[in-house]
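Paired with subunit B in one complex and with subunit C in the other, subunit A is shared by the two complexes that follow.
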Partner chain A sequence: MAANDIQVVVEGSDLPRRLKDKLYETLDAKGIDDVETATDVKEAVEERYLDTRVDPLDPVGTVSAQSIGEPGTQMTMNTFHYAGVAEIDVTQGLPRLIELVDARKTPDTPMMTVHVDPEFVQERLDAENDDGYTERDVAHEIVWQIEATRILALGDVSTNVADMLVRIDLNEETLDERWPTVGTTAEVTAEIAETIESKLDVSTVEPDDATIEFGPEEPSYRGLLQLVEELREIVFKGIDDVSRVVIRKEQTEDPDTDDEEFVLYTEGSAFGKVLDIDGVDASRTTCNNIHEIYRQLGVEAARETIINETMNTLEEQGLGDVNIRHLMLVADMMTNPGTIESIGRHGISGNKDSVLARAAFEVTVNHLLDAAIHGEVDDLDGVTENVIVGKPIKLGTGDVTLRMGSRPDTESESAD
Partner chain B sequence: MVDASQHNLVPEHTIVEEEELEEVLDEYNIDRTDLPKIKRRDPPLRELDVEVGDVIRIERDSRTADRAVVYRLVIE
Partner chain C sequence: MARQDHNRYEKARIIGARALQVSYGAPVLVDSEQTEPILVAAEEYDAGALPFTVIRGQQ
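Take a look at the complex of A and B:
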């Protein structure tokens, strides 16, 4: 009965869902069950909530800039160290934040977080039908489809100058590990030989199961060395841009269970290619390059990623008390034109309509000169221009017109 | 090609009917060109058959409210 009354009180308020839930929680925790107290609490919360809302004509952009800027001064200038997850080197701190708001085409340390599709794992386990084949083995199958495999990882390369031959001694264990779904060593060796033939335009011989030999068409020492050089660059399996994959067992996002799953962290990123790989969960896999996200998933996902990445960067530095709304505003501005635009001279600030606003920001003379050449007109609509010419700005009290005094017909009525 | 709309980071995109759009524009007292933009080729719109000038309704899982509805104008 009492619980119902409290529900009526809380639901009748102007609070957003989240605050309502929080209110229920607090009332419950404090053991408040009489309607009167609950109403008092509700009213107090409501008042605070309405009080903290942004007023019309509030300069939210300026407030955001200051709220991010001030903690930003406390950030360490150079933080290149191994971040929380899986000994992968990730740029953090101020360099990362700058990289994000500048909307750099590629981050300094691109990386992806790849989730394994649970259905795929089950499918593979059923197909293998072998007790020794575990979830970890399935995850490794995917790892080797992502991590670039070059020849040096597979075996030894030696040159035989007398016969003008390059000889590759493949390591059978490595082959087994990296081609888990292919039957015999000979088959893998044949596959590798084929790749070499097509990439280097040579003919190969396989003296035994794990050895490949080939040489230049015309015997020449330079030709031989050239072949070895080119051989090193060939990617036999995986994605060129991904140099390393680290595999970790983590709790699933479902907090109700203790289930664990494998998550792969990659050094280097190729988001589009990874999403196409069988067994990769294309609904949860992410990467830290906002442009790749934008290309594959669109502006809205890019906006989301900008918020996540900036917030994580700040949190990592112990600046997690920056309100998320400021970062949301930044992300909204950056994705407003339907593409990702940087903040600063080449992006948002550089595209302002007003010449004076642009000139006040950076490279003053260039802007004034260009504007003069093209005969630009400044409508004095924005804030900066009006500060420059000394007019009231259209923000806060500057944009409302109040008239003092009273009209004759109401004079008698206004007693206060 | 992966279906972008299935990804957790991608909120639901739907085309807005003219009537609903009028209401929204009236409420905020803006033109449709004042809305944020979205490219016609944006991955989540692939399945939607949109034209330039349409307005897309996007329903986000908001961090600060329960749900947030925003609109974007389809361009180019």
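Take a look at the complex of A and C:
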């Protein structure tokens, strides 16, 4: 009964969901169950919440710009090299922040965090039903479906100029490791040979289980070397763009248990392809390329990624006290049209409606000239334009309209 | 007739406008020790004596 009353009190407040939940939590922890005290607490929280909200007419954009800009000056100009998770080289600091805000098509160091679906792991374990087969093996199976396998990883390539042959001595252990679900070495070798035949348009012979030989159709020294060049490029297994995968065993997100699970970190990214792989938990797998996220999951996910990536970049530099709302505003501005737009000449600043605002940003003469040629009209709606022409700006006290009289609908003369 | 709540910009704008009137010799609406127009205006504001309405678009 009392719990129900408290619920009525809390739900009836003007608080956002997060604060309501926190209120429940606190009331519970303090053992408050009478309605009167709960109402007092609720009112105090509500008052504090309403007080801390941003006032209308606040220049939030300017405040955000300064709140990110100032800590930005303290960031190291160039930090990278193995500072991130699991020995993978990740761009950090200012270069990464610039990259995000510029909305680059591909980041300097694309990376994915791939989670393994626990249900899939269980299914595989049940299917194999073997004591020697563990969770780690399941993770490895997924790893080799992601990491690109090229010929140099599989064995030695040698050329025999006398017989005009390229000879590949495959390493049986490596084959076993990378094709864990295929039965025998011979089968894997056959598969590889087939790939070579289709990609290089040659016919191959397999002198034994782990050796492949082939040569150019016409005996030619150049042809032979060319074949070796092309052979190196072939991806036999995995995704082209992913050059390396690192496995880490980590605590699951569930804080109540000590369970651990395998998480894969990739160097290079191909988010769409990875999501299609069996056993990849699509709901937790992420990527640091906002455009790939946008393509696969849509703008809202892209917005979320921008927020997370910028926040993480700042946190890694010890600038975690930047309020996340500033980054949310930036992300909102970047994704507001429904697509990702960069901040800067080619994005938000360059697409403003006002000629004067654009001219004030960059390449002044071009903008003014084009505007003159096309007969553009400036409505003087924004801040920059009004600063330029010397009118009060529509922010803060500049946007308060006063009338004499106590009611808004009372007709009376202006105050000034 | 409920009194309007003002945010800090509205308050500043009202006190500013009123201070201008006072400096031009408008009769002061409260008893005040102050001589500076802006401080007089602030006292008037606090006393709720100022007949200004803020027009806030649709309301």
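Note that the second predicted complex is superposed on the first by the 352 of 416 C-alpha atoms of A that agree within 3 Å, B and C clash if a C-alpha of one lies under 4 Å from a C-alpha of the other, contacts with A are read in each partner's own complex, and residues count from 1 in each chain.
In the analysis below, contacts are C-beta pairs under 8 Å (C-beta built on N, C-alpha and C of every residue); 3 or more make two chains touch, one makes a residue touch a chain.
Given the structure is predicted, the values throughout are model-derived calculations rather than measurements.
By the touch criterion defined above, A:365 reaches neither subunit B nor subunit C. In the superposition on chain A, contact of A:373 is made with neither subunit B nor subunit C. When the two complexes are overlaid on their common chain A, residue A:397 makes contact with subunit C while staying clear of subunit B. When the two complexes are overlaid on their common chain A, residue A:29 makes contact with neither subunit B nor subunit C. In the superposition on chain A, A:56 makes contact with subunit C only, while subunit B stays out of contact range. Touched residues of subunit A were counted for both subunit B and subunit C, and B has more of them. The contact surfaces that subunit B and subunit C form on subunit A in the two complexes do not overlap at any residue. Residues 16-18, 275-276, 282-284, 286, 293, 295-301, 304-305, 307, 324-325, 328, 332, 335-339 of subunit A are the ones that touch subunit B when the two sit in their complex.
Listing the residues of subunit B that touch subunit A in their complex gives 1-4, 6-11, 13, 36-39, 42-45, 58, 60, 63-66, 72, 75-76. Within the complex formed with subunit A, the subunit C residues making contact are 1, 7-10, 12-14, 16-17, 20-21, 51-56, 59. Here subunit A touches subunit C in the complex through residues 55-58, 396-397, 399-408, 410, 415-416, going by the rule given at the top.
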